[in-house]
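Look for subunit A in each of the two complexes below; its partner is subunit B in the first and subunit C in the second.
And then the complex of A and B:
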């Protein structure tokens, strides 16, 4: 066995594996670099260096030999996204402000054009000039004028030099290399060029056969970072929040904007902006109620069961196998099954009750349904851990109390219950933290609804913070990643402090002393 | 005669409530499951419950899963299996080696390392979803096989959590292996790598198996990342595939959905029940001992 760990064979195997992994990562690093993804390329390069250092030297790196693979994954897919989220929470980052500033300038310039007064269009043929530049052959049939145009040049072509089709459209000219439709469908570079025309006007080849006359209305001036409207002279300046805006009228700004730092505005919005604050507080209160009720009801029923089955009654093993089933089932499937059972028309619940309740259309019914399902999902867990805890309480305590004359109820209230709480408190807290973020249950059961569509609100009656955040980030028409990230950071602090409190209680941390 | 009456009364007082509670909760627990089983065997495949005892049993819904192009169940199942098995294997090795190092090796920053790991673990994965999405979108630009939309990319993202998720269970187990074993090995000239592979891994094999199965089940049960990553019908996992299949169309698609969810659940429930003992002790580890 030692063959695998010491000597030439081991060294050889190590070097082979290490070089294969390094080669693959370096190749990825190179293509990332080529695509200008410098952060990812840098990470990959560091990973290769770290790996080679850790596995080829020996003295100080022994613990890292065990950590490194896990740590690399952790950094790439957990820590980096967390940092990204935190940074994003201080940005104006939402629909309309997604791209970078350079891209935004490009887009504003491209959009800041208008057609000439008559909306003139020409028949055109697209090709390349002798220099290899994109060139169009334009047929101005009304004026009987034909010319070749590129980005920077324009030259009339005498009719005698042309070949024209039956519609008087020029198809060939000397020095002009026409490109076929197949070539053009592969390379759409022609559509991005402003071909020279009269004065400030230019031609845009939107489609391969038609050119339209436009002129620029918005022009970017890099020297003082402004956009100027060429027709009316209006100046638009960087407003510091990701848009070029009219300095005297802030509501007048150019689309699209870019993602720009706005520091604590997203957090401030949660307190100051009524449209955000109202739903946020409502959702927050329901989140706490939902998590508390879920833990309390599941714990109550679980404990009751644990007490009931804490004696060797007939059929106990059968009961146990049945009771554990909701916990053993894949919860995703269970939630979808329950959603079907609550169906208004055909669902089993209405069927049995003989009612016709639209469970997910009424706020209170929907909330009751959510609690019922989370009880179903949660009570087996509490049954299992309560059983474990009951067995962990030394029987001497109960016996001593019985000798001192305590009756069953007194023993339970004064000894069993307080001890149970002490043992289970960390798990109750952990379960609270879990349900606080129980995204799947809400999202798959009710989708957060019912929602008041009329008021255009994102938050539904059963939305908890995390499903609400998801809606803000990915859900509706405007996606506000900045605000969603800010709420994420707040949730993290809440859950982390709850969990840390629980861990400290359980003394788990000290085992790492 | 009177003593017999007394024992019956005593039996009622002592045991009746136990049976009542257990029976009541058992019915509650079984009800949705029973419902799915009978609707999967219902020839009409309707959501509506006509009677509690099926009058006619048909395997039609199950047949549909394997024949209908609208539900490529076999592909979904294969995808789920491949991803979950890969996650299970890799995360066991990542988790076990980290737990071993945290438990047995002495080095600077050990405590801080664990605390950072703990803290990071508390950041709910869904919250960083948009960031993971953006990162993998960029990876897609230079390596389409690893980026957004690929199963390999999804696997990489899942492995991000491998180090932290099972560290409690594993570390608890490593701590229970007597230190004397390593010390003896060390005196005999074994390196930490040798101690890990030749002493720790064989001893921990049962726990490693449990951890592997737990992450296997956890991966099969994961929804939102799989949903974001696997857009194409054929590349979906069972969970995402069935969810998208049923979405909003409970009345039409209920029968095949029920059949599919049973086929997915049977292996998971079987694994769970056979490992009950270990899983339960894992659940309570660190608290009951506390």
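And then the complex of A and C:
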């Protein structure tokens, strides 16, 4: 056995494993660097160095050998996303404002061209001039004109000097070095050039064989960070919210924009914007009700079953097995099955009850359905932990209370329940936090609905904060990731605060005994 | 110990370097990457590979995603240089992706443009610039079961009368239902047949951005044809598409709106392609969205240094009659290019849907339909109307007024994006 932990074999195995992990991380690091994700690249590089240092040295780093993997994962998958979310919550980060400012300037410039009145295009051949710069041989067949054009020069070529193909397209001219398709495919520098044409118009090699005539309509001036419309002189300035806009008409702005810091605007929107504030408050209230009701009902039902089965009854083992079946089944499947059972037309529930209730069309029925399904999914967990907790309570306490004359109810209320709370309080709090963010249940069962779309409602009756956030971030064609991040941060602080408060309270309960 | 660390680190670095070289991915120079969903991807790969020289000097790699949603998710998340050069996508991606700087405009010559119906460019344009090539037509058409109905209905009322007369004797589950395209996209032809278009088209083929449908007329038609005397659904038109396809195939629904991507399922079950637009209440036809899917040029192509090559692939393959005919012979949808639509390789189903689109198709304009400035976008508000009236038994005229106001607001807001 020591072979695997000491000696040359162990060292060899360690180096091989470290090498493979390092190779994968370095590959990811290189990829991240290439995509200009410098923070991720830096973290991966540090992780590789840290890993090698910790696992290739002895003694001083022994504790880190155990802590390092967990620490790296904690940083990568918990701390970094939290920081990223907090940072993004202070940005105007939504559809239309996704890319960086540099990219936006590049895109606005590229889009700030317009074709000539006739949408003129020419057959072109791409090559290089004697000077080595990109040059195109243009065939204006309609006007029987042929010319060579570079970025700064244009020169007609007599037809007699040209070699043309069967479609009258010029393929060769004196002093013009034509480049092959293979060469052009390796270097598309030719497509970035504005080849000289008439007046303000230029030719762009849109494809290797086609040149289109354009003129620039928007020009960027880096010295004062503005775009100017060359046709009407209109100036567009950085509006501080991620767009170049007309200062006299803020609704007139250039696209695309970029993600720009807007500090606390997203948070302020939750309070000041009626369209956001109303649904947010309604969703928040329902989220709290949903989480509290789910925990209370699941705990009460689970405890009831645990108490019932805590006594020696025939078939207890079988009952216990059956009761944990809902817990053993993947919740995803359970939720989808319940969704089918609540179907108005074909659902088992309406069939059994002999009703025709549109469970997911009516707000109250939909909420009742959500609570019922969450009870179904949650009670086995509370049944299990309550069973364990009940068995951990010394029987002497109950016996002593009985000798002192306490009846069953008094024993339960004064001894069993407080002791249970002492043991289960952290789990109840954790369950509350889980249900506060129980996205799967809402998304799969009701989709957050019903929603009065025709009334312009943007949040459904069963939407909880996390599903509402998802809807804002990804649920429609216009995504507002900044606002969604702000709500996520609020959820984080709410859950953290409630959990901390609950944990403190549970310490108070510890003194009860 | 230091010595041991250095030796060990050197060994790790050497092995990692060699392993890293073997596994490091690279965007090969001169390689055009096309992203597509699980049905289009394999078909595109097959057709493109069959003729390797669509763009001289470039190689073409088709990346297939497991579903359309997975493709959308990947494209939404693409940033820096991680995106494709071309993505085969739905037309309603254009406004948002162009707005976010992920798409690059395409310039077509006059002859290339002439190969398409001008309205198809509506779908793939944003603020006057074209961002892709129409690849195939996505539309619905109404199929009728000839075992139940001997001839094509002349009007919406004919269908309702048939349903009422035969509901019990033939154990009909519904009269007309939506089997393809859902209660918003697929059901537009029913809205339109009853008098509510998402936007009105002028005779010149432009959009009337001033007027919307008449809610009183539409609401009255809903009341007359879809509700009973108590204001309850008469069962002719269900508010949900659940079970529609199965019921039609089982012979318990005489009329169904089906999508052109699934006609093979009906043929396989022995149905003839009796396709037509949904007849309207006044004898015309309800308008259906004749949208196109597009091969969209991305800004990633420029970052990869293959923008010109990608444009050539769009023109030489996606916009050409030969390319579309070869592709649609495998894919089975109606091609968008005129040259390809007359190809002998097309099936009766593809031609039937093409005819229906020609009779009653209107362009699907994302600038209006995706817009929610009116209070909700078309996709959410349309099914909400059916739910409100057919399930919740709300007043069809009052709800129609809300719907008209929403759609009118969306058109007013979206017209600047055209």
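Everything that follows uses one rule, which is that the second predicted complex is superposed on the first by the 368 of 513 C-alpha atoms of A that agree within 3 Å, B and C clash if a C-alpha of one lies under 4 Å from a C-alpha of the other, contacts with A are read in each partner's own complex, and residues count from 1 in each chain.
Here is the rule we go by: a contact is a pair of C-beta atoms (placed from the backbone, for glycine too) under 8 Å apart; a residue touches a chain by one contact, two chains touch by 3 or more.
A quick note: this is a predicted structure, and the numbers were derived from the prediction, not measured.
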item: Partner chain(s) touched by A:346 [first = subunit B, second = subunit C, both, neither]; value: both
item: First, second, both or neither for A:451, with subunit B first and subunit C second; value: second
item: First (subunit B), second (subunit C), both or neither touched by A:313; value: first
item: Partner chain(s) touched by A:384 [first = subunit B, second = subunit C, both, neither]; value: first
item: Partner chain(s) touched by A:190 [first = subunit B, second = subunit C, both, neither]; value: second
item: Which of subunit B and subunit C A:35 touches, first, second, both or neither; value: both
item: Chain touching more of subunit A, residue-wise (subunit B, subunit C); value: B
item: Which of subunit B and subunit C A:337 touches, first, second, both or neither; value: first
item: Partner chain in contact with A:481 - subunit B first, subunit C second, else both or neither; value: first
item: Common interface residues of subunit A - those touching subunit B in one complex and subunit C in the other; value: 31, 34-35, 37, 343, 345-346, 474
item: List of subunit A residues in touch with subunit B within their complex; value: 1-2, 4-6, 28, 31-32, 34-35, 37, 40, 62-63, 65-67, 69-71, 73-74, 76-82, 84-85, 88, 301, 304-305, 308-309, 311, 313, 315-316, 319, 321-334, 336-341, 343, 345-348, 351-352, 376, 379-381, 384-385, 388-389, 392, 423-424, 426-427, 433, 437, 439-440, 443-444, 466, 469-470, 473-474, 481, 484-485, 488, 491-492, 495-496, 499-500, 503, 506-509, 511-513
item: Residue ranges of subunit A touching subunit C (in the complex, touch as defined); value: 11, 14-16, 18-20, 22-24, 26-27, 30-31, 34-37, 52-53, 56-59, 95-99, 103-104, 107, 110-111, 115, 119, 121, 180-188, 190-191, 205-210, 212, 255-256, 343-346, 358, 361-362, 450-456, 474, 476-479
item: Interfacial residue positions of subunit B with respect to subunit A in the complex; value: 14-15, 17-19, 21-23, 25-26, 28-30, 32-33, 35-36, 46-49, 93-95, 97-98, 100-102, 105, 107, 110-111, 113-115, 117-120, 122-132, 134-135, 138-139, 141-143, 146, 156-157, 159-164, 168, 171, 175, 191-194, 196-198, 217, 220-221, 223-224, 239, 242-243, 246, 250-251, 254, 257-258, 261, 264-265, 268-269, 272-273, 276, 280-281, 283-284, 286-288, 290
item: Of subunit C, residues touching subunit A in the complex; value: 1, 4-5, 8-9, 11-17, 19-20, 23-25, 29-30, 55-58, 76, 79-82, 92, 95-96, 98-102, 104-105, 107, 109-110, 127, 129, 240, 242-243, 299, 305-309, 311-312, 315, 366, 370, 372, 375-377, 380-381, 383-385, 387-388, 391-392, 399, 402-403, 406
